[in-house]
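Each of the next two complexes has chain A plus one more chain, namely chain B in the first and chain C in the second.
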Partner chain A sequence: MNSSPNRLVAAHIWVAFIAFAVAAVMGAWQMLVRSPIDAPLETAETYFVSVTGHGALMAYVLPTLFVMGFGYYVAMTALKQPLPGLRWAWAGFYIAAIGIVMAVVTVLSGQATVLYTFYPPLTGSVFFYLGVLLVVVGSWIWVAVMITAMMKWKRANPGAAVPLAMFATVANAILWLWTTAGVGAELLFQVLPASLGWTDSIDAGLARTLFSWTLHAIVYFWLMPAYIAFYTILPKVAGGRLYSDTMGRVSFILFLLYSLPVGMHHLFMDPEHGSGFKFLQMMLTALVTVPTLLTIFTIGASLEIAARLRGGKGLFGWVRALPWDRPMVLAAGFSFIMLGFGGFGGLINMSYAMNSMIHNTSWVTAHFHLIFGGSVVIMYFAIAYHIWPKLTGREARSLTPIRVQLWLWFVGIVITSFPWHILGLFGQPRRVSSFDFANPEIAYWGPWTTVSAIGGFIMLAGAALFVWNLATLYRGAAADRTMSYAMAVHQPREVPRVLNGFGLWNTLVAVLMIVAYAWPIAQFFFLDTYPAPVQRVDVGG
Partner chain B sequence: MSNGESPRPSDQDAVNRRWRLWASTGAGAIVVVAIVIGFFVISSRGEGGVTGALGLDHVHETPEAVAQTAAGALPTDVAWTAATLGLLEDADPEAGRAIAVQTCASCHGEAGIAVAAAFPNLAGQPATAIFKQLSDYASGHRVSPMMAAMAQGLTAAQMADLAVHFAAETPAESIVDANPPAAIVQLVVNGDPARGLPPCSACHSARGGPVGTPPLGGQPAAYLEQQLTAFAAGERGNDIYGLMRAVAGMLTPAEIAQLAAYYGN
Partner chain C sequence: MDEKRIVRSELRWVFVVAAAVTLMLVVIVATTLANALHPPSNVETIDPATLHIAGEFTEANLGTQENADGTVTVRLIATQYAFVPRCLPVPEGRPVSIRVTSPDVIHGFIVAGTNANTMVVPGFVAELTTEFDEPGDHLMPCHEYCGLGHSNMWAVLRVVPEEEWIPDANGRMTCELVP
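Showing the complex of A and B:
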């Protein structure tokens, strides 16, 4: 493999993690501001600059660039063919990079303190939205390259099963295309015209509906690399095989189907939708338990195979026989623990009634730091550690700093997010810059926020050590550059056509989206609605 | 391992058909069950029936209806739509000053500093607050025979002109109480969660509050006391969502007097 495609992968992953490191500093500072401890530069204005920057970098830049980079890598290594459209891929990278710079500069200059969810009718400088849109445009090029790569491979290998890692990556690419349609429409037709001063009002109900289209599916887009690693890398690193390739395909297809027509569960407390659609989407939400359980079972079985091959015994005793010293296995163990707790919290969030208890409290921020910042990002680390020797041609000089880093992140997340959940149950609101801990009503929150802030700094240390590891550790022995993926116990040469492509599944997604969203969106055009006046945050007043 | 033999093309077609059929039936069945429960079983018990389960329709048709459901009676004709805010944006303070000199100055002063403690100051109030009160006097939502006579002769554009004129003037100096009762400061800054009373300062401060919230500092104390008492008794009911009525209704007469003294001159 020549080096330019490798540089493409590394460039994406570096940008993703530099954004992550910058945002981690912001996150730790935010923790201080919300705690009784004094922080430098502590004002409400700087807080919302920081939260907008932190949210946009962590939720948009880190995962998008990471997924793109990892996707390009999978397309080359799983399909064992050169990447089609390498120039296009670089163009996508530069478009996204320009967008990132544009958005970050705008936020840091205080012109777009609208939070990463945009929150219309709040309206900031147009350059923030254009920046985010450019990142999305760059990622659409990635989608096109992924689909082209799979089609090309299928033509060259008629009838053969697309390798699972690539099948899952294309599932994610298609999911992403669907996902971005909602927020894309909101930006193009509502937010940008308002931001440019072409309209003086914005229908917040419609905007929230379109954003909800994106908001849940984007979470699965973030999550997919972790699942791809569970199915196609972890079993091999653990020394075994994937228990079932078909279960993998079915799970990825179900994630595609049931992460889209469900976003209204973010609008349970909103008045612009009726209970019927809320119930329908809640019920569809519950279906993600199916691929989740399939995954737990399949990966559990795969790990058990590995452990027993290594001499593991007993009903659960085999767990000890797993090679926990290997970073991928260690990270996956941590990831599963955090998924377990986070999944429990998620059940509460998605229940129509219990949701009202934790709506807009710190519980929510704690939940997604545990699931996304914890379970998912720790797998991003593991993937990066796994492919870095193959990209750089050098092994890590030592695995100890890697293990320390994974431990730091895990411990940091737990110490940060557990008290944060409890604060949410106490009623502490999210997205609030400071609390008057002198007030006896809430004084008892003080110690909890302090512990949480300490956890935040442990995470920050973990983030810093991660970047340091990537930059300096891979100077050891020459490494084998071939990337190989886990074989299944029954490695298929052919699979049913429906499990080898996305024709049927795209049709089903379209049908489900029409059922779930056609009327909730259309009503804004049929009924009399009262758009909210635009509130600018980027001009004095 | 038994993966050697792959199905022949005709088998493939049969396998595919089965997958298609079952996948579509499964997805369809779930949707049907969800629709039956969501739109018929649940909504038949809730407000609005089947159309209520659909969306926007049942919740509120108009902003007036929103206000009505919350407060029981229509409190005001003013809605903060882009059109209303645009009217204020395009208003002319000089035209407003001209009317003020003619008709308002005798009580409120030309620059909005009242000539006697019987009249409220207008200087430095947000234009939205002044505009809303004038509209409410004109429409009878806020009752004052004296002000109704003044406001009924004004067009909406003139009200807007007056509003921006007084809004731009320097507010009256607020005489700060050197030693306010601790319980009153507590009400202002923290409210009283036990009674569900929000702090006054959450709305009545330079940065807080819904559109059209008036500042309180520097008003004659007697005027503030009279307004709070009127809210508490429901005699003044032009506040959207009834929020001042709710707040004032929870205050004791002694607290009302002390709050008026705290904020007022």
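Showing the complex of A and C:
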């Protein structure tokens, strides 16, 4: 890591994965607590401290820092220009790092056991919320740097098509700016004033609505690096080309449009909203499947090109001809399988009526662990493995530990999440620290919970091996530091303006958000609502 | 590979995707309407600070009430860290409306293994209507984090066969938990 820009990327990715490793230990321990097996240090307090820490680290720190680091890397390597505002980028990193330390210390000291979703009127120490806000502020600097980098490149290359990897990264930056508006408003106007003691009550319905604004779009913010790797790295590693650059652009634009006005599907079971807007947002949620389904086709076709170039034959027989020994290809294969199962579960969650069977049960935990922990995080691993030789200048000494690690993670998450789906259908609630398995009504949940906990420890082994690999494996032959992205079959020199920028799409997002959220938010100012008394969790227990 | 062929193949796929998404929505909407499945969406506000003093959710009104038309209404409060009352009798195979609210923080209501499910948000009354077809005790855990005692917040919904369904003169019915 000879140059400062590379250090910037590595610093972000290291912080992301250290947070991940700590949270993985917490996660495995939590599964033990929930199972019939005795866990060390098991109390309700330690459990919920751990759940708060696990959630905040996995949902806020890991993806945000990873997306930032990878974004900086893409901006430098895809645009082939120095990063504008390198100092700003470092400032953003340190602001986020201070926020992380602040939030983690507060959570571990038991002063903010409110889970990462906050749940006002429960109110913890102000330092937890400020810490999370600082991470967001750091990421806003990243957003500014990404947009500036693209604008600068466009000025230097008038009319040229912005490379797909950067186009997608900026789509994600803009998506993130929109995403953070909801939780930002909740924190600034409701939660922070309460935790500072300036207000003594909170409108819980409004808080839930603002959080729902963020809650689904944030998932797509997490997901985007995986899709960027599918479109711009995987086809090349597999030995082929991207089937269609245009389809990539269209998919990323659709993600920007449809991941935002859908958050109320998290509130189907909430009494503070009528069925009209729940129904509307369910319809919009269905549309967010479109870019994923388009991606499956385009990436499938891209992989088929690679496989046939390697002598693959048959309608589906070509799949065997793919270079499965390469970590990026193996990880993408696992990612697609998990995306399939997770997506199926998601269709149940998004369906207005069926959701009532599984809302807030272990089914939901299973769903997002499969999609985020599985499909997405395994691609974070693959991206890190892919760019590490270019950052460190050294190849991995062996690919075997990398393959073992990817297998461990895949097997672990399947064993963890499949029993959770079943337990969810039984009605097992999530976020409960311990169950009375002596009760005959739920005794049969015990074995499934145990199996799932075993999966958790396989995942933990995968997490540990991953960190070990990154820290020790890259000491092999000198590596080529050049990062190159997949070319499309017909690599465009120019594309229509609407596929090369976000002006129009930003306007459309604004329109969709007004349609989807204007009344659901405004109603709280027209209804006779009664705010709930603030309940502190940080003073006097 | 000819660019036009690529575009044609993509358009064919877009058509398949559009058809699949449309079919999915049609199935969801049709089953929702045909089975009258509606998540709690009554948008009914209530003051969490005074609900125990006056009105529908005072202690005397909590529990199971058979209405004149034979339907049943169950009123309960979810509070840290118990449901009041802790045992809820309901008749088998009859429409039951459940009305629940919270005086303190957010809670969750689910009858395990059924589609009776709602968030309980302070400031709002959640109402859901369903039927229970399996006689016996069904566990009713709080499914949303409400503080450190959350894991101990369980109640029981007891589905009573029609022949054992004998409410008192006021249409009230209660049950006791077997320890």
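We take it that the second predicted complex is superposed on the first by the 538 of 541 C-alpha atoms of A that agree within 3 Å, B and C clash if a C-alpha of one lies under 4 Å from a C-alpha of the other, contacts with A are read in each partner's own complex, and residues count from 1 in each chain.
Basically, a contact is a pair of C-beta atoms (placed from the backbone, for glycine too) under 8 Å apart; a residue touches a chain by one contact, two chains touch by 3 or more.
In this text the structure is predicted, and so the values were computed from the model without any measurement.
Following the overlay on chain A, a clash is recorded for the pair chain B and chain C. When both complexes are overlaid on chain A, the residue A:E441 reaches chain B and chain C alike. Looking at the shared chain after the overlay, A:E494 reaches chain B, while chain C stays out of its contact range. Once the two complexes are overlaid on the shared chain, A:M247 sits against chain C while remaining clear of chain B. In the superposition on chain A, A:I514 makes contact with neither chain B nor chain C. For chain A, the partner touching the most residues, choosing from chain B and chain C, is C. Of the two partner chains placed by the overlay, chain B and chain C both lie in contact with A:M283. In the superposed pair of complexes, A:F297 makes contact with chain C only, with no contact to chain B. Looking at the shared chain after the overlay, A:S275 reaches both chain B and chain C.
When both complexes are overlaid on chain A, the residue A:L108 reaches neither chain B nor chain C.
By the touch criterion defined above, A:D528 reaches both chain B and chain C.
Of 24-32, 42-50 or 78-86, the segment of chain B running into chain C after the two structures are fitted on chain A is 78-86. Chain A residues in contact with chain B (one complex) as well as with chain C (other complex) are 205, 271-275, 278, 283, 287, 439, 441, 489-490, 523, 527-531, 533. Residues 44-45, 47-48, 51, 113, 115, 119, 121-122, 203-205, 208, 243-244, 247, 267-275, 278, 282-283, 286-287, 289-290, 293-294, 297-298, 301, 305, 347, 351-357, 359-361, 425-435, 439, 441-442, 489-490, 523, 527-533, 535, 537 of chain A are the ones that touch chain C when the two sit in their complex.
Listing the residues of chain A that touch chain B in their complex gives 159, 200-201, 205, 257, 271-280, 283-284, 287, 436, 439, 441, 489-494, 496-499, 504, 508, 511-512, 515, 519-520, 523-524, 527-531, 533-534.
Residues of chain B that touch chain A in their complex: 1-3, 6-7, 12, 15-16, 19-20, 23-24, 27, 30-31, 33-35, 37-39, 42-43, 46, 48, 50-63, 79-82, 85-86, 190, 193. Remark: chain C residues 1, 3, 6-7, 9-10, 13-14, 17-18, 20-21, 24-25, 28, 31-32, 35, 37-49, 102, 104-106, 108, 110-127, 137-139, 141-151 touch chain A in the complex.
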